[in-house]
Structures are given as C-alpha cells and as structure tokens.
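As written, the chain order gives the labels A, B, C, D, E and F, with residue 1 at the start of each chain.
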Amino acid sequence: MPKPQPIEHADASPQVRAVFDDIKTTRNVKDVNNFWKYLANDPVTLKRTWESLKEVMAPGTLDPLVKEMVYLAVSVSNGCGYCIASHGAAASKAGMTQAQFGELMAVVGMANETNRLVNGYRVPIDPAFET
Amino acid sequence: MPKPQPIEHADASPQVRAVFDDIKTTRNVKDVNNFWKYLANDPVTLKRTWESLKEVMAPGTLDPLVKEMVYLAVSVSNGCGYCIASHGAAASKAGMTQAQFGELMAVVGMANETNRLVNGYRVPIDPAFET
Amino acid sequence: MPKPQPIEHADASPQVRAVFDDIKTTRNVKDVNNFWKYLANDPVTLKRTWESLKEVMAPGTLDPLVKEMVYLAVSVSNGCGYCIASHGAAASKAGMTQAQFGELMAVVGMANETNRLVNGYRVPIDPAFET
Amino acid sequence: MPKPQPIEHADASPQVRAVFDDIKTTRNVKDVNNFWKYLANDPVTLKRTWESLKEVMAPGTLDPLVKEMVYLAVSVSNGCGYCIASHGAAASKAGMTQAQFGELMAVVGMANETNRLVNGYRVPIDPAFET
Amino acid sequence: MPKPQPIEHADASPQVRAVFDDIKTTRNVKDVNNFWKYLANDPVTLKRTWESLKEVMAPGTLDPLVKEMVYLAVSVSNGCGYCIASHGAAASKAGMTQAQFGELMAVVGMANETNRLVNGYRVPIDPAFET
Amino acid sequence: MPKPQPIEHADASPQVRAVFDDIKTTRNVKDVNNFWKYLANDPVTLKRTWESLKEVMAPGTLDPLVKEMVYLAVSVSNGCGYCIASHGAAASKAGMTQAQFGELMAVVGMANETNRLVNGYRVPIDPAFET
C-alpha cells in the first residue's frame, strides 16, 4: 500500500461522488476539503464519517459556532495541525472573532495546565461533585 | 516528601488564606474545592493559578457557560477524572442542560475520531486554510 | 548542543556500525532509516532500542503483520508523523492491503471517540470485567 | 445537570430499548454493558455510536480478534480504564490468549517509547516513505 | 478571522511592546521568539503567560537547567514540534550537553513505555505509595 | 484471558524470580512493587523492561534525582496514576523536597499550557532553532 493519495471528484466512484455532492450541497461549497478526498480511499468510512459529522454538527441545543469552537479546542489540545487549520477556518466562517479565538486558546491552555496539576497533586474528587 | 495532603482553611498560612478567601468571595461559596486545598501546598502556584484562572474565566467575548463547556471538553479529551467532575459541576451551575452535555460529548468524541483519521491518512492542509 | 543531526555509516563509530550492520542484515536492507541515524547520537540508546525492538517485533503468538498494524495504530493515535510514515511502510511491506489499512483507521478512530465518551459520562467498570 | 446515571432497560424509552435489544441480539448477551446504559442519556448519540461500532467491528479484511486487539491497544495507549477493561474482556472472548496479550502490550509500550524518541530527535521522514 | 500572523515590535501596541521589552531585557536577547510574536495577537494572554513563565522558570529550589530539561521532556512527550525546538535551544543555552540530552530522551521514552504497561496490566497502587 | 493478577515471589518461575531478586538487590528492598508482579505475567517483557530501566536510570551525566523527577513529570503529563504514585515515591526517596515537587509541577503545568498555545496559534519554528 503506497502513501494515501487524494481522490478527486472526476476520478471518484458513484458511491464516493454521492457523498462529495452531499457535502458540497450541505455546505454550499464548490469542492470538498482534502480530508474528504483522502477519506475517499475507504468509501464506507467516508460515508459513515460524513453522516456522523453532519448529525453531530447540526444546530441543536448548542449553536454551530459553539460546536466549531469546541471542535477547534479539542484539535488544539490534541495537536492535530490539519484539524486546527480546517476547524479554525470553519469557526471563523461561523463567526468567531479574533478576540473569541484568543479567549478560547486561553481556556484550552489553562485546562491543560490545571489538568496536570490535578494529576500531580493526586486530588480526590469532592463528594459534592459525585452526585 | 509524603503523598500530598489537603490544607484546610484553619491550618493555612495568611498567604494561603487570602487566596482561599478571594475564591470564596468571587464564587460565593462556603468552602474551596479540593483542587485549591491541595495546590495550597505551594502557595506561589496557588496564587498564580487562581489569578490566572480568574482572569481567563471572567466574562468576555465568550460567555461563561461556553468557557466552562470548553474547559470540560478539554478535560474529557485528556481523561482527567477530577477535572471532568469539577468542571462538569461548574458547567451545570452555569446553566448547561443534559441535552447540551450530550451534544458537547458528541462533538468531543467526533473531534477525537477525525483527528486520528487525519493523522492516519496524512492529510495535507488545504491551501485555502493557510491564509 | 545544536539540533540533532543524522550519523551516516561512514562516519559512525565501530559500536554504532555494529548496530547498523545488524539492522541491515536482519531486515535485508541496504541502509538504515533516519530513525536509527539520529538515535546514533546516543550509542547506548541506539543499541538498547534496536535490541528491544528486534525482540518485541519478532514473530511470536502474534504474526508480524498484526504487530506492525498495532504499532501503526498507536502511532496514528499519538500523532507521530514520522512513525506513521515508517510503520505504514513497514505494515505495507508485511502485506497490509489498502482495505486493511482502511479498517484499521476506522477502528483507531472509533476507539478514540468512545474512549472520550466513556470519560465524559464517567462510566464505572462493569463487575463482570473485574474478574 | 447532575452526575450521569445509567439507564436500565426497564426505564428506557422505546428508542433506547430498540438499541439495547439490537446490542443484545447482535452480541448474544443478556444485558448491555454500562457504556451503553450511560450513553442512553443521549439517545441520538447512543444510536449513532452503536451503529458505527457495529459497522466498524464487523468481520472484514481484518478478523474480529485483530480489531479487538487494536481497540485495546489504543485504549491502553490513551489510558482509558473502562475501555481497557471492556475491550480486554472482548478480546479475550474473541480468543486472545495471555501470551498474545503480553506481546500486544510489549508492542504498545515500544510504540509509545519510540514515538517520543522520534519527537525528541526531530527525525525527518525518509524520502522512501513519502511515496 | 484569518490564520494568525506574527506581530513585530514596530507594529505592536504600547501594551505589547512593554512585554516584548521585558522579555528582551530579562533574557538579554535582541528580539523575541515567534511564540511571543504570535501570542501578541491577544495582549492579555501575552502578558499573563510571560509573567507566569518568568515566575515559574526563575531560579528556585530547582536549577534553571533542570527546569528547562523538564520543559523539554514534557514537550517531547506531547509532540509539540515548536516547543521541542525552542526549549531544546533554551536547555542547550542553559548548559545541557549532548550526553545529557541523550539520557533525557531515554528517560522520556522509558516513562512513556512503562506508563502504558501499567495501564494495560491495570496495576493497582501499592499501599506503601499511598501515605 | 482473565484480568491480570500479580505473581508473588513464592509462585514465580525461576526466570521471574531471578529478575525479582535482581530488583531487590539493586534497589535494596524487601519486595518488588506491584508493577513488577503484574509484568511477571510476561517473563520476557519483565526481563527486558527491568534491564532497560536499570540501564536508563543508572547514574550518568544526569543525577538520579533529576531522572526521577523527569520520569515523574512525564507520568503527571500523561495522567498515569500508578506511575505518579510510584515515581513520586522514588523521587522523594532520591531526595526531592516538597518545594522541589511544587516547582516541578509548576513547570509541567506551564509546559502543557504553552504547548497548546503554540498549537493553536500555529507558530512556525524560528530559523535560529533549526541549526
């Protein structure tokens, strides 16, 4: 198996094209991102991942901007460069300002810091948090 | 150095008490959580961490509920049990409903899944995300 | 200490050359990968790591392809770009097909997703799993 | 929102029961694990996660034992206690012997070690792995 | 919000310049690193992070070289490329030799390996470590 | 395969006993920690891990206390509860004071915070760090 290569719309099977077309329609974009072009190497995972993502990111009790910011926060915490770039763009498109990005990063940074202080000091859960 | 032990208000130095008192006043609570009682073993870190957290979590361009949910999302992603319990409680206090928690967890789960798909397929960043 | 640089066979000490030669013989390759050339900056760690790896990856009750796929899965989960590239190549050489790679990535993705759902919902271990 | 609580079959909505029943039938078990009982707090995520997992873990080009071992390997690498217990049990049920478990852990350990050596020595990807 | 861009001294607000100047004076350098130029997009986080870092990394009961090596060790474990480069340089400047770097990496590697062996074997804490 | 169980000296094979005895002699302790008793389920991994650890943690250009503190720092960063307890005890035995522990935790916390700020701001490596 060589290094994964992207699959463009013109070279895609009907099954893959159907997913690409649904992404383009749902997001109102002219082409899909690299993520989908690479995932197209496995049409079953492509379809499942897109349908899951569409369900998870749909408007619900959390608004789409909040969801994109949470997605970005997790990606930053995990250090996934592609995901930071793509979900940073998505969050911006959904309305995230530079000031909001700054506050988001500050929270992500603090959470990673205090998570480790908790580990190191072996802090037991307060009984009040257990109910 | 034995296992870290919590420091209660009654046994605390004036420096530590001042921080405890500020936490109680700011949050309008009767006692501080275990996190602060353990961190009190290092009064310098206690003071710096509290002042940083107070600044970071203050209302800004992101509302406090969003900040608490992001804090919770990162803690869940990192697997910090204490932090999940304490920031879950804080998010609830700030108004998070069970439905919002469910959507938050769904986003955290998907982000962790797609972060790894990106890694595995070695997806290069789209030029559009680089500007 | 400047940025680490690779050590080529021609410039290597006899101690390092002996390890390089054993890698080349064991794997039937003409040159060692960059990993070993960089690790050669610390001959003691080079030797120990190679001997450990040789022992761990040798055929046993798990066949070598399964071992390479597990190595790749962990590297993908950790986001180590070099390791994904090198163990992806090793898994391919050991026979991994593109379809197997796709299924492997799907499992790695799901595991990372459900690991976080478990964290967030604070799921206690079923008694049946404790025996 | 209080601490998440499990939802038992007797107290579940028809939508949740349908998922529980499908899990029990598919796996031929009398009751579902705690993971599903907690996830039932969000019926949409419960349904999507179960359907995704059923698809991902179905026999394909990788046999079910290999998939369970990969799931276990990722969970061990991430340090998810519940997931280690539940997928350890699932792998055993699928036929994993103690010797295979030992070899699996050895690979997971080595991968985590060499992933960090690669990071620290800043090893560039060999051109041969880029094609 | 476009991709974050660095802010140079000449274009910085007085608030940001004051931090830049303090960094340059404290470290006796002609210019600040990229980290600070990017963080300058959020002057509040820039100021807080610099003041925290200055306090944490100041000489104390641990000498500055040990602190830099610990910072590097954590960055290597997390796989943060920029941080490995910048704290590798800082550790070298503080006196880390190549042999010390090699031993440091060996410890980081072993810790990551045994951390996972512990997870996989589900090792309970010895009572002696609980006091 | 049931849940892993510890193997005590009295029940151990000669091969395992030899490792246990070497640990006890080297460390001058009456019994080995749980880590070794669980690892004894795989005598090959037990032997390799002990010999690797003995080599890595031996006095070298870094003194043993520094090595134990780095081990602890990585374990705290990874959130391995057992490892934090055991290497916290080992660091204390090697002379770590409470003040040193406090400074160590502060560095680990800051590193985890700034690692994420770097990720989020997508900071490129300064040319000066590349040589």
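The rule is short, and it goes like this: a residue touches a chain if its C-beta (ideal position, glycine included) is under 8 Å from a C-beta of that chain, and two chains touch if they have at least 3 such contacts.
Because the structure is predicted, anything quoted here is derived from the model rather than measured.
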item: Path length in the contact graph (chain A to chain E, fewest steps); value: 1
item: Same or different residue numbers at the chain E/chain F copy interface, by half rule; value: same
item: Longest centre-to-centre distance from chain A, chain (CA-based); value: F
item: Most remote chain, CA-based centroid, reference being chain B; value: C
item: Whole-Å gap separating chain A and chain D, where each centre is the average of the chain's CA atoms; value: 21
item: Whole-Å gap separating chain B and chain D, where each centre is the average of the chain's CA atoms; value: 27
item: For chain C, residues that touch 2 or more chains besides their own; value: 2-4, 41, 44-45, 48-49, 52, 56, 77-81, 85, 88, 97, 99, 101, 103-106, 108-110, 112-115, 117, 119, 121-122, 129-130
item: Touch-based graph of the chains, sorted into line, ring, star, complete or other; value: complete
item: Chain D partner contacts - residues on chain B that touch it in the complex; value: 79, 85, 88, 91-92, 96-99, 101-103, 105-106, 109
item: Contacting residues of chain A [partner chain D, same complex]; value: 2-3, 44, 48, 52, 55-56, 129-131
item: Residues of chain B defined as touching chain F within the complex; value: 1-4, 41-42, 44-45, 48-49, 78-80
item: Contacting residues of chain E [partner chain F, same complex]; value: 3-4, 33-35, 38-39, 41, 45, 49, 52-53, 56-57, 60-62, 66-67, 69-71, 73-75, 77-78, 80-83, 85-89, 97, 99-100, 103-104, 106-115, 117-119, 121-126, 128-130
item: Residues of chain A defined as touching chain F within the complex; value: 72, 76-77, 79, 81, 84-85, 101, 104-105, 108-110, 112-117, 119-122
